[in-house]
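What follows are several structures.
Shared between the two complexes below is chain A, which pairs with chain B and chain C, respectively.
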Partner chain A sequence: MNENVKAVRAYRRNLCIALGLILLVFVLIPVFVKSPYVLNVFVLVFYMSTLSMAWNLLGGMTGQNSLGHAAYMGLGAYASCLLITKAGANPWLSAVFGMVVVGLVAGVIFYPCFILRGPYFTLVSIAFGEAMRQFIINSTFFGRASGVGLPFGKDSWLDFRFMSKVPYYYVGLVMVILIYLLMKKIERSRMGYALRTIREDEDAAAAIGINPTKYKIMAVVVSAMVAALVGFFYASYIRYIDPDLMVQAKSTESVLPAVVGGAAYVEGPLVGGLIMIPLSEFLRARFSAMLPGINMLLYAVALLAVIRFRPTGILGWYMHSRFKRFVDEKLLRKPPVEVFEAVEMEKHRGKEA
Partner chain B sequence: MKKMIALLSILAMLLTVFTLPAMADEEPIRIGTIYAMSGGKAAIGENILRGIDFAVAEINAKGGVNGRMLEVVRGDHAGDPAQGKSEAERLITQEHVDVMMGCHMSTVTEIVAQVCTQYGVPMITAISTLDRLSDADHEAMDYFFRLCPLNSVYVEDMLKYLKDSAAQTGEEIKTIAIFTDRAAIGQELIRCVELYKDEYGFDLVATVDYTSDATDLSAQVLALKQADPDAILCDSYIGDATLFVQTLKAQNYTPKMIVAKANGFTDPAFLANLGATANGVASVVEFNPDLINGQEINEEFKAQYGVNMNGHSAESYTVVWIFKTAIEAAGTTDGAAVRDAIAALDIQGEFPGGRKIVLPYDRIKFENYDLAGEPHFRDNTSASVAIAQVQDGEWKTVWPFDFTDTQILYPAPLQ
Partner chain C sequence: MSIFLQACVNGLLMGGFYSLMGMGQNVIFGVMKIVNFCHGEMLMVGMYLTFLLSTNLGLDPYACVPLVAILMFLFGALIQHTLITPSLGTKSFTNLLFLTVGLGLLLSNGALVLFGSEYRTIPTSYAQTYIALGPVNLALPRLISFGVLIVISVALFAFLKYTTTGKQIRAVSQNPVGAEVVGINARRIYILTYGIGTALAGVAGSLLTGFYTIFPTAGASFGFRALIVVVVGGLGSIPGAFFAGIFLGVLETMVALFISPSYSDLIVFITFIVILVVRQLIIIRRK
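Let's look at the complex of A and B:
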């Protein structure tokens, strides 16, 4: 029995080391990579992956395919920017304000909508996004179509404003990690199980005492709040927002990393973002000057290829691949399932005794 | 094995992202351009890039700048500010451009100009007209210059034209209406008309707007018909501009005067779409082939590209010449030196070793000045526009009167 416990501990330790090494690489990148353009690509990866994780909570985990996430992001950006420019508030506080406002708006608007299922929910989310965009275009308070710019000035942590990419890189990295941990926590919590049950069969979920509406609302609110946080980050980074931030195409962009990476996994958006965004930047940098638009065509082909040949995403493939078996067995020394079971049983018995 | 190969190729692709752009010949002077080359606004980008390519070929054929050839490095912002920022950073840090041109959406220009200022790369916008770009909030953006007139100059010239037209038409314009997009271009038109209408004594009887890429404008046209103004001022993208004139026709409503603030109305596709129906529509133009200084260049341009030079092509053509002149004056491509040379530039009549200024003004000088009581920085203060009208299916310059012999077609026949 002791052997088993040791094996499991060794595996966990190896896993931690592996994750630690990956993290270390990301922490060290700005030390070695001096090109602002490359850092900029990483910042894009961070915030798009975070947005995609927000989508994945709803789309991947709950099975509610939303196509309105750009609207949450845009609203969050607007709420925090307006608080900064009109009331002179501190940006960090404004970020919290933006998240709360967007969480409330999403909760209130989608509460009655959860009678709808499947494609109808998707349609409402599209309508929501477009309605929000039109609302802002027609509202003088929101600056109509002219957008809102954040003030420029000296570098300052208090104002979250920098010339260099490095602070944005680290803040973005922290944001990705925190949101990832949050999603992981949700996945393993009661809520995560409830959401997945709802995804598989809503009626069955209701029959076993899960309140689908309650959990779906919780998922929408959390998802919208994370998107609002991304909106704040985006606005602070680009320092200008306009209603075009909320167009339908942007919502689709938030879905892509999750779908490519594997929507069934919390890590999916991270993997997808890390592949698709550099790919898109690369295609544009290499090809757009030769034949305008060819970059988007190639991007679409890459996307179609993934969807056609790896419909469960890259992680969906990896999870059943020989490569994973190699990583698990040779690198991480993962013991067989029986060993885990034995250790669990032992723990259980210990408790009972 | 196959999977390993697939994995390796993906890795190789990712590696190329970061390594390839570094290899480049340092010899030529590199001009970065950031315009939309894909997406809905790509047609505008194409016209601009033609003007740039034309100027670069002309300058290189004459021996380049300080003995070095010019080279254009193109970036594509596809209409997205975030993409504009990415592209600006790529062109500056990876492609090492010496100077920058862009963009054609003022909001993207604003962000790209910030990036250029941060890295000390001189930038001139050929066509971004948003007033705000040069206002007090942007005083510190001191690597950024603007060649084109500001929106308020455009609109003031439109109102001047309406005022002056009485001398030819015999009828004074008293009431005006605005027909425009709810997008940023429309907001600017409305703002500027409000700014100047009282000064010129016009009564604004209706402001009618619509959402970009409209599929039906009949309600808007009916509202205009009801208000029955003497003249309609409008600003639209090409699709909506076409639909607007078609709807006027369908509703059998012929306003006596239609004056557009360029954009879609001066797109080459506008005349192609509408044919004779467009007769009588007037628009602000930054350039027109029948302008005295524009005839010769337009013939060469048309021989090469098969289309007339338009305002965007002419302005971007001019910016390349400004860069050439400034770099020659500075004797180096060092950012700060070139910026100082641009700021000190005073081109009167013609470029040294080049043509006369092809735009409807004869001086280029970037200055700080006051506009309607607000301080502005680094704008070309001599910039102004002309008004052209579609007559027999062609744009003819009709204003200012001393630039042309063509009479205003009044009332607009729309057939």
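Let's look at the complex of A and C:
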């Protein structure tokens, strides 16, 4: 029995070392890579992956395919930017303000919309996003179509304002990690199980005592708040926002990393983002001067290829691949399932005694 | 008063296009229960096809309509056969959704790569011809388009109602398993319906070229309005789609006339959300 415990501990340690190494690589990248262009691509990967994780909570985990996440991101960006420019508030505080506002808006507006299911929910999310964008274009308070700019000035942590891309890189990295941990926490919580039950069968979920509306509202509020955080980050990084931030195409782009990476997994958007966004940026830099649109064209081909040939995404394929078996058994020394079960049994017996 | 009538007529003529797009979407959604998110892009492909045919072969844009219909039908059938049918088996709504979204991206960016982002028009001798009807002036190209639209709508209605194939399509839309039991090849019907839906979008695009500019994202607003038409007009109802399209067109011009043109999109989207929610509430009540 003791050997089993040792094997499990050794595996957990190996897993931690592997994750630590990956993290270390990301922490060290700005130390060795000085090119602002490459750093910019990484910052893009961070915030797009976070946005995609926000979508994945609602789309992948709850099965509510929203196509309006750019609107939450845009609203969050607008709410925090306006608080900074009009009231002179501290950016960090205004980030919290933006998240709260967007969470409230999403919760209140979507409350009646949650009686809609399947394609109808998708339609209402598109209509909601477009309506928000049109509202901002028509509102003088929101600066109409010309957008809102954030003040420039000296580098400062208090104002979240830097010339260099390195601080944004680290803040972006921290944001990805925190949101990932949050999503992982949700996945393993009561809420996560409820959401997945709703995804599989809403009526069955209601029958066994899960309140679908309550959990769907929780999912949409958390998802919208994370999207608003991304909006704040984007606004602070680019230092200028306009209603184009909220166009339909942006919502689609925010979904692609999750679908390509594997929407059933919390890690899906990270994997998809890490592959698709550098690819898209490379194509844009390499080809768009000659042939505008070629980067999105190849992006679309990649998406169609994944859906057609690997419907569960890259992670879905990896989970059942020989490569994963090789990684688990040879590199991480994962013990067989029986060993895990034995250890669990032992734990319970210990508790009872 | 004459401005009001003019706006009504313009809305009516534009609404015809929303109807035609909605009918195509309706046929696809009714049979396969998937929302075709590249429907607007199909309209755009129809526009560029007409542009190519008329500039290279010197055909009149309206003479291109039957050709475009046939080509778009084949295009749709090909897409259904190679991409959508295999994914229908996985039963994953998310994947089917993003399959059509991806197709839309592919088509609009494909057009951008092939034709650039320039706005194009097909010059015709009658583009600026107006017919006066009492206080109202009717642009000839819009009028011809509307006439063709009506003919196509009636033909589609009759096709679905009276022909054997039409009856098969309706059978599959009501109950795919039951339809297969009585010997209908559902895969064939899927290919047929996607072809028909695509052809309708293509024809709408082709008819638009008489008075509308051609550019890679021209279809987006029509694509979304087609969805509104389907929802408002009712699933599987061709007359419903027809009247919903007209309603939408008139609503748009009325908002533009009485409030402000820049608010017309906002009002359309909000109306749509309200109609969606109210419709669902009514359905729940009935149960």
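One rule holds in what follows: the second predicted complex is superposed on the first by the 353 of 353 C-alpha atoms of A that agree within 3 Å, B and C clash if a C-alpha of one lies under 4 Å from a C-alpha of the other, contacts with A are read in each partner's own complex, and residues count from 1 in each chain.
Definition applied: a contact is a pair of C-beta atoms (placed from the backbone, for glycine too) under 8 Å apart; a residue touches a chain by one contact, two chains touch by 3 or more.
These figures come from a predicted structure and were not determined experimentally.
Chemist: Give one of first, second, both or neither to describe whether A:L116 is in contact with chain B, with chain C, with both, or with none.
Modeler: second
Chemist: Touching A:E267, do we find chain B (first), chain C (second), both, or neither?
Modeler: A:E267 sits against neither chain B nor chain C.
Chemist: By the touch definition at the top of the document, which applies to A:E202: first (chain B), second (chain C), both, or neither?
Modeler: In the superposed model, A:E202 contacts neither chain B nor chain C.
Chemist: For A:V124, using the defined touch cut-off, is the partner it touches chain B, chain C, both, or neither? Pick first, second, both or neither.
Modeler: second
Chemist: When the two structures are overlaid on chain A, which partner does A:G293 contact: first (chain B), second (chain C), both, or neither?
Modeler: After superposing on A, A:G293 lies in contact with both chain B and chain C.
Chemist: If we overlay the two complexes on their shared chain A, which of chain B and chain C does A:N138 touch? Say first, second, both or neither.
Modeler: A:N138 sits against chain B and chain C alike.
Chemist: Which partner chains sit in contact with A:P36 here, chain B, chain C, both or neither? Use first/second/both/neither.
Modeler: A:P36 sits against chain B, while chain C stays out of touch.
Chemist: Considering only the contact definition stated at the top, list the common interface residues of chain A for chain B and chain C.
Modeler: Overlap of chain B and chain C footprints on chain A: residues 134, 137-138, 292-293, 296.
Chemist: Where on chain B is chain A touching in the complex?
Modeler: 3, 7, 10, 13-14, 16-18, 20-21, 37-39, 42, 45, 73-76, 79-83, 85-87, 89-90, 92-94, 107, 110-111, 114, 118, 137, 140, 182-184, 186-188, 211
Chemist: Name, in rising order, each residue of chain C that touches chain A in their complex.
Modeler: Touching chain A from chain C are residues 29, 33-35, 83, 86-87, 90, 92-95, 97-99, 101-103, 105-106, 108-113, 116-117, 216, 220, 224, 227, 231, 260, 262-263, 265-266, 269-270, 272-273, 276-277, 280-281, 284.
Chemist: Chain C touches which residues of chain A in the complex?
Modeler: It comes out as residues 59-60, 63, 65, 67, 112-113, 115-116, 118-120, 122-124, 126-128, 130-131, 134-135, 137-138, 248-249, 252, 255-256, 259, 263, 291-294, 296-297, 299-301, 303-304, 307-308, 311.
Chemist: Which residues of chain A touch chain B in the complex?
Modeler: Of all residues in chain A, those touching chain B are 35-38, 40-41, 44, 134, 137-138, 144-147, 149, 151-152, 163, 234, 238-240, 242, 244, 275, 278-279, 281-282, 284-286, 288-289, 292-293, 295-296, 321-323.
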